[in-house]
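Working notes, beginning with the structure itself.
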Amino acid sequence: MGFTHFDKKGRAVMVDVTEKKETYREAVAKGKIKVTAEVLRAVKEGRAAKGDVLACATVAGIMGAKQTSQLIPMCHPLPISKCAVDFEIDDSHLEIHCTCTVRVTGRTGVEMEALTGVSAALLTVYDMCKAMDKTMEIGGIYLYKKTGGKSGTIFNEKEAENERYKGKPDFCCDHNPE
Amino acid sequence: MGFTHFDKKGRAVMVDVTEKKETYREAVAKGKIKVTAEVLRAVKEGRAAKGDVLACATVAGIMGAKQTSQLIPMCHPLPISKCAVDFEIDDSHLEIHCTCTVRVTGRTGVEMEALTGVSAALLTVYDMCKAMDKTMEIGGIYLYKKTGGKSGTIFNEKEAENERYKGKPDFCCDHNPE
Amino acid sequence: MGFTHFDKKGRAVMVDVTEKKETYREAVAKGKIKVTAEVLRAVKEGRAAKGDVLACATVAGIMGAKQTSQLIPMCHPLPISKCAVDFEIDDSHLEIHCTCTVRVTGRTGVEMEALTGVSAALLTVYDMCKAMDKTMEIGGIYLYKKTGGKSGTIFNEKEAENERYKGKPDFCCDHNPE
Amino acid sequence: MGFTHFDKKGRAVMVDVTEKKETYREAVAKGKIKVTAEVLRAVKEGRAAKGDVLACATVAGIMGAKQTSQLIPMCHPLPISKCAVDFEIDDSHLEIHCTCTVRVTGRTGVEMEALTGVSAALLTVYDMCKAMDKTMEIGGIYLYKKTGGKSGTIFNEKEAENERYKGKPDFCCDHNPE
Amino acid sequence: MGFTHFDKKGRAVMVDVTEKKETYREAVAKGKIKVTAEVLRAVKEGRAAKGDVLACATVAGIMGAKQTSQLIPMCHPLPISKCAVDFEIDDSHLEIHCTCTVRVTGRTGVEMEALTGVSAALLTVYDMCKAMDKTMEIGGIYLYKKTGGKSGTIFNEKEAENERYKGKPDFCCDHNPE
Amino acid sequence: MGFTHFDKKGRAVMVDVTEKKETYREAVAKGKIKVTAEVLRAVKEGRAAKGDVLACATVAGIMGAKQTSQLIPMCHPLPISKCAVDFEIDDSHLEIHCTCTVRVTGRTGVEMEALTGVSAALLTVYDMCKAMDKTMEIGGIYLYKKTGGKSGTIFNEKEAENERYKGKPDFCCDHNPE
């Protein structure tokens, strides 16, 4: 199977989805940021008290998902009907995990919206903590789940896989750990 | 050292840089996307022939860097004076590496612009290849180098570190591989 | 009844409207700006002759309504199907009144679009007159009418209420005049 | 003194500030939203616990200030160097007060940025509470203070004036109460 | 037939299309840029070798089409379902011709999207070649074809007409030179 | 002289202007739209009476100039210090001529801002008149004058040239020259 984003001359093109049915579609993307213990503590205290990195990053993720078609050249503009950004803190690996869920009733899927939402949220965490740590790393950004559309439900088992590694020294965004 | 992005009540604030000098500043960020062999081949052929995923992603990265202050809530708007996006293909690890370099003469640094440029470029690669592979993973996004400003030159040695691992089974965005 | 914009952890979330029906919806918002006699005269003369503050503010209001989902974090992007901005001059109170009407066939209402349209229009009047008067005040921004959606038709009677005060010393945006 | 925003034919024009010196400038704008007791309680509890309307509105205000030149047609784009949004709750009048402070080293002032920041923040409060109350009213948006530039320091005494009315039945955005 | 963009007072208004049916609509717009022989050679070589003005202009045209409702005040925001930009080089007239095709299932047509796409693409060609030639001229921007909507199919025969003139000395955007 | 917008690999790059001096720069661009007699009459009456196509197009041109770096991929963001849009009606050729003047004190010129301003203004005229005429044509968009920067003052004599042809078969986007 070849690219769908190029016409016959090889130029980029926004794929024609005019003929597709408007159906319910959902996408969930995940990602994480590796930080120092000092940053993690500050984020957690900030959240408990009042300074709230994750509140700001949540807003950025949602607004970022809405800007997807202005950032990703071949993305269709879509009137998304739901967007949520969630965080979990992994103390043992010094990581903040982010999940973005997007829904639409539309002619094409929202995986790019979910992936862009995760990216904007994690970049915001980076921005707000960068005075404390300049070695943070963002990674593990992938499509976790996708429903609706002609490719049906897609579920990437990376999470489960990672489960097997719990308790062992782990990596930020390992793909094929063996 | 604590957060600089919160005022005394703990609300987010755009840090005051009014008093800072306008100086020359540069930032270089890096990131990568892990793909299948099929995708990598298509990207390379596309590039050789005409369909050019990386040409499109280059444009997206540069335009993305210019949108940084609209995506990252506490970022200052900056009239950046240079932006370049570059790609390298790592055949042995099935990865496409991206570097974004941004310069400005301004009151604050451009690391967020460089990191946003890398993110937008890699998300665009993802978007243009997602019909072929739904398991791609974006990672290893970090600040490679930063010059100018009060913190002087910062250089993250992750690259050199990764060198040591060449030829061994490697991971997408491993942070502290030992 | 509690907030609808927060998930269980208390983080902001764009409310899920995926399941809602696409129905016809309209919202009308109102607002005003209090100016000096000198400004009011200039606005009126400008309009009569050619310099046209209100023509510019009309355009700003309509374009502002279209930017609503980029300004208000939890707003859904909506393909609005009509937007009109209208002004009335109240000579006796030295006020310029603005009304913005927005329509859509969509899954959620357009009150924020109408309120944002009014705000952008009045801020533009302010901007264009601020060389003459730095004490202007924008106020009285509220939802005048809303039809469609599960809450049915809503009509805020503030207008009629204000009628009772005609001829008496009045206030910019009095809420509970007794 | 006449308009500065129109050329000789009466068309709108972005005023030429090329010849002006780059100087330090600051503007502070204020505004408020009148809500029901139920909304006020929810906002306060939300803030104390976790759901944080004001955290979201703070982000919206800062991002809104950065969008000023895209919303207000004749505004110059300005690389603002600081932006802060602050809220105070007035229990006795059931009002949430908002202040936005903006700084720049530039050729023109930032009052429109401060006023737009206040407007975006208050519209966001409205949006997040509108499921509970559809009669809220935004008002009292004015320039509180402005320093720098050829008009020197401007200070609008409305605050002090309002002080005189403390304890008496008050209005949302009364301008000249006597 | 009069204007549809003004209300009874003569102010601009975004036309109400709420009552219109959602139907399939397509628009094709064309335009061109007149360059020097040196620029044309560089564009062609660049494309063959590596520097690819037209790849960049293609992306700009597609992203520009998506920004139409933010550029053209009375345009409705539309979730376009396809956008393609194509170029042809006319060596004998030293012109680069651009075609932009846009589709939507919506309540109003997409001719402005197609025309804006052509404009953004040609402006990008100009920008990337302006170091070599400051006398380039963009012209001949018109609606080539439009289908769907109440006005049915529209086809502007300018192309065919120009055919007759092939081989004769020609001008940038002359229509019927005799 | 070769392209300045590509790096050694041929990828697009935003040219580095960091080392350039901030100097005063101005650019003036021109363009026109060919319409029917009916449209021209309506535009003129509209302007005299109240419906004001050109007032709306003026605002669009100025706002468009401010969006240049978001539309044209390799353009630097610039804090422009002046923007004016002007129209002249050429009754004998049924054309509306547009001029856009932009100024900045910056490290690079503003010709793209002036050209984008003209394009946005003329597209807006097209949009507002398209219900009456679907054969309009936009053309003759070129850089009329440019001062400042290392290439000194540039003045394109097309105007003068066109003067010579007055009354004779004409160029650039003449529609029905006889």
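Going in written order, the chains are labelled A, B, C, D, E and F, and every chain counts its residues from 1.
The rule is simple: contacts are C-beta pairs under 8 Å (C-beta built on N, C-alpha and C of every residue); 3 or more make two chains touch, one makes a residue touch a chain.
Here the structure is a predicted model, which is why all the values come from computation and not from measurement.
Visitor: Would you mind checking which chain's C-alpha centre is most distant from the centre of subunit E?
Guide: The chain farthest from subunit E, judged by C-alpha centres, is D.
Visitor: Give, as an integer number of Å, the spacing between the C-alpha centres of subunit F and subunit B.
Guide: That pair's centroid distance is 35 Å.
Visitor: Report the inter-chain centroid distance for subunit B and subunit C in whole angstrom, where each centroid is the mean of the CA atoms.
Guide: Computed from C-alpha means, the inter-chain centre distance equals 40 Å.
Visitor: In subunit A, what residues contact two or more other chains?
Guide: In subunit A, the residues touching two or more other chains are 9, 11-12, 52, 55-56, 59-60, 63, 67, 70, 73-74, 77-79.
Visitor: Could you draw the chains as nodes, link the ones that touch, and say if you get a line, ring, star, complete or other?
Guide: Basically it's none of the tidy shapes, so other.
Visitor: According to the definition already given, which pairs of chains are in contact?
Guide: All chain pairs meeting the touch criterion are A-B, A-C, A-D, A-E, B-D, B-E, B-F, C-D, C-E, C-F, D-F, E-F.
Visitor: Which part of subunit E faces subunit B closely enough to touch in the complex?
Guide: 52, 55-56, 59-60, 63
Visitor: Can you check the complex and tell me which residues of subunit A touch subunit E?
Guide: 7, 9, 11-18, 20, 69-70, 73-74, 76-79, 106-107
Visitor: In the complex formed with subunit D, which residues of subunit F make contact?
Guide: Going through subunit F, the ones touching subunit D are 24, 54-55, 58-59, 62-63, 66-67, 77-86, 103-105.
Visitor: For a test of understanding, state which residues of subunit E touch subunit F in their complex under the given definition.
Guide: 1-6, 9-12, 31, 42, 46, 49-53, 55-56, 59-60, 63-64, 67, 70-75, 111-112, 115-116, 119-120, 123-124, 126-132, 134-143, 146, 151, 154, 156, 158, 171-178
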